[in-house]
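First the structure, in the form of structure tokens, and then the observations on it.
Naming follows writing order (A, B and C), and every chain is counted from residue 1.
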């Protein structure tokens, strides 16, 4: 059964069926990455606006490549651009982009709820590439695709998330997604980044526990999601980095406390020697490179689903194949 | 607007006989099956390709490989498709380079599907030769595409639709001519 | 002359709940008598038939923002007071955070002059406690009192330090002026845009805990005890703060407090990313809201005040983080209060008290329906069904979380100084 997505603002409102659909629809795009010629003409003539109000290299390049490989054109807005420095409001900036008639807009912004705000004001599909500390839906989808490919399932896994969870949109989106498949969560980090309210994320009945000792957190883990230490997020008080390394770095010894086939995921960019030991980052359990490839596949799938077809025109002649 | 069945074009037996005949024809006109491969265009081209390959085993004793191709990403008319098409994966478990390929589909009409299929094939490599095998050719070509192996040619009008129904997908086995009626 | 006939008079100051006719002459109440008995005296008077309506003393709003001078694109004295009249208010107390700040006589006088020219209701300004509300030097409090302020506050902000608060309170005690404080601990507030809790974590928005307010309330109560000056806590929103006020009152300290209609109606669960739900103090938890309603009922809360804070649409139509705090409230206050009455949480007499004698007492005045009292009355229906549409508000601004909400009960007429300032 097919699903339509008007916007992709977050994982929380999606059903498990919709998520499975998105992951399944990503598979052909994983395959395309293996072709000698990786370029399609599927979205030829379409324009994807990339509005990145927060600095980002990896996610932006991933979306840009996804658009390119589908044959779409791009409009690029980056935070360093002068109009934002001149005090132009978010609304005016996106309205300017909209006046050039893109077919969808991918937005990353430091304010939680900014994509929701844009979606309420513009008549085009909005994809959230990360908003404040709220959600990062494509990250959670690519993580889920990676886990499903390696493990064969998303059901009932023990998921441990390490780091500054309070300020992590990646953590939130992952919890929202995996909770829909009955996963159990252990959140681990310094106490000030683990408020009690985190236990209320996910649908009612979701099992989430908070733990400050990493050894306890890793026992029995199937999936370990290592978060970045976000020095740019200016939360007070800052924790000395050496403290963090001592208490929370994912080392090979600590990794052994988890299940032998436990997966290690990281949203990137990694700081080797800070939150993750290089041996773990490069080891067989690490999925970081697949995450990048899957990120491309998931973003291509989303762009295809949200801008690929039109709903307003009547079916054409060859539509007997369209319905297939 | 609804669909009305106008006539039955082929029975189950006729379909089977045609498939057998097509298999023979392909083998005959290929100078052997050594480098041959079939590619079924999703959806109904796939069971047809499988059946032709099965029939070929009976003739030459050779297993001709069968791949499946989903053309959704290669269509030139995506924006005109009302329903959100579901992507299936393509599965071509053999290298395409230098292969003697036969694309298999149920109905040849405007030719756009086959053009998209060729785009998809050429993304994978450089086949030696690509020929087309269809169960029904209903005319009304919009592109210069021709089928080498044709089950049956049928004259149709634009308002008519030919529906090939196969057990593997539709749980019945026949070809019907239907019409859109307001 | 104006005769208000056939109404049900509810006057908390005298405990009256009875059918009475009221005759207004000039700007005063000339007579109050049982129904029908003023016919002779009222010959030639304009008659307002208040059948099926409640007639209460004129409502007072202790806390609002009229934005003039300096913020006229969001509201003016003229438009704000028109909205106040539509809400049934006969007197409003605008806070001093205008541009320039109302911290000296000339600003106070200009506000009063403007009000005299265009206002629909009485305007009783609140003067700034410190110059520019910067929390450094005292403002011209005595001069402003002479000019007509009724209280001091640095609202928009807390009074900056305990030391300054003590100085202000010592000074105001001698002038018999109440000090109104916007209670907030700046370090816990910094950067927050809503109440800290499940919802703020879910939405990824920075939150402030209830202690942001209650820590400051505790400070103020203790400084108040040192000075014995009248202290009024603005827009109280947390149960913890309410308990501190309750304890202070039990000790006999001159502490009072107000609660806004949005705080006794909504909670932080109502916040999504809609900036019409963003104000300071922010919408609180269910437990807080329920405690506030209990406080309204048991007398711990002295007044309902709107904290009407208009912002023109362009200012509010931005990402949640960037939007200014504030919601409008004049036109929906009474109806939201009546919702509590309909739900059986408070009595109608108590509701009237929260709008009349309660706020009057905070300002050191009286408010009642009796001969020779000011001719200010609020006439309302408890049953009239209507829908509030922000588009139709008399305010210049549209930032209300109650846009589109249906109510049972509404202001029907507002009488100020003997004249009808608003009639539905």
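Rule of thumb we're sticking to: contacts are C-beta pairs under 8 Å (C-beta built on N, C-alpha and C of every residue); 3 or more make two chains touch, one makes a residue touch a chain.
Note that this is a predicted model, so its numbers are computed, not measured.
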Closest chain to global C-alpha mean, per-chain Cα centroids: A
Pair of chains joined by more contacts [C-beta pairs], A-B or A-C: A-B
Whole-Å gap separating chain B and chain C, where each centre is the average of the chain's CA atoms: 76
Between chain A and chain C, centroid-to-centroid distance (C-alpha), Å: 46
For chain A paired with chain B, centre-to-centre distance based on mean C-alpha positions, whole Å: 39
Complex interface listing, chain A residues touching chain C: 12, 89-91, 109, 111-114, 116-117, 131-135, 166, 169, 172, 195, 197-198, 200-201
Residues of chain C defined as touching chain A within the complex: 196-198, 200-205, 272-273, 317-322
Chain B residues touching chain A - in the complex, by the definition given at the top: 42-44, 70-90, 107, 109-110, 112-113, 119, 122-125, 158, 161, 163
Residue numbers on chain A that touch chain B, as the complex places them: 2-4, 24-25, 27-28, 31-32, 35-37, 40-43, 45, 301, 304-305, 308-311, 313-324
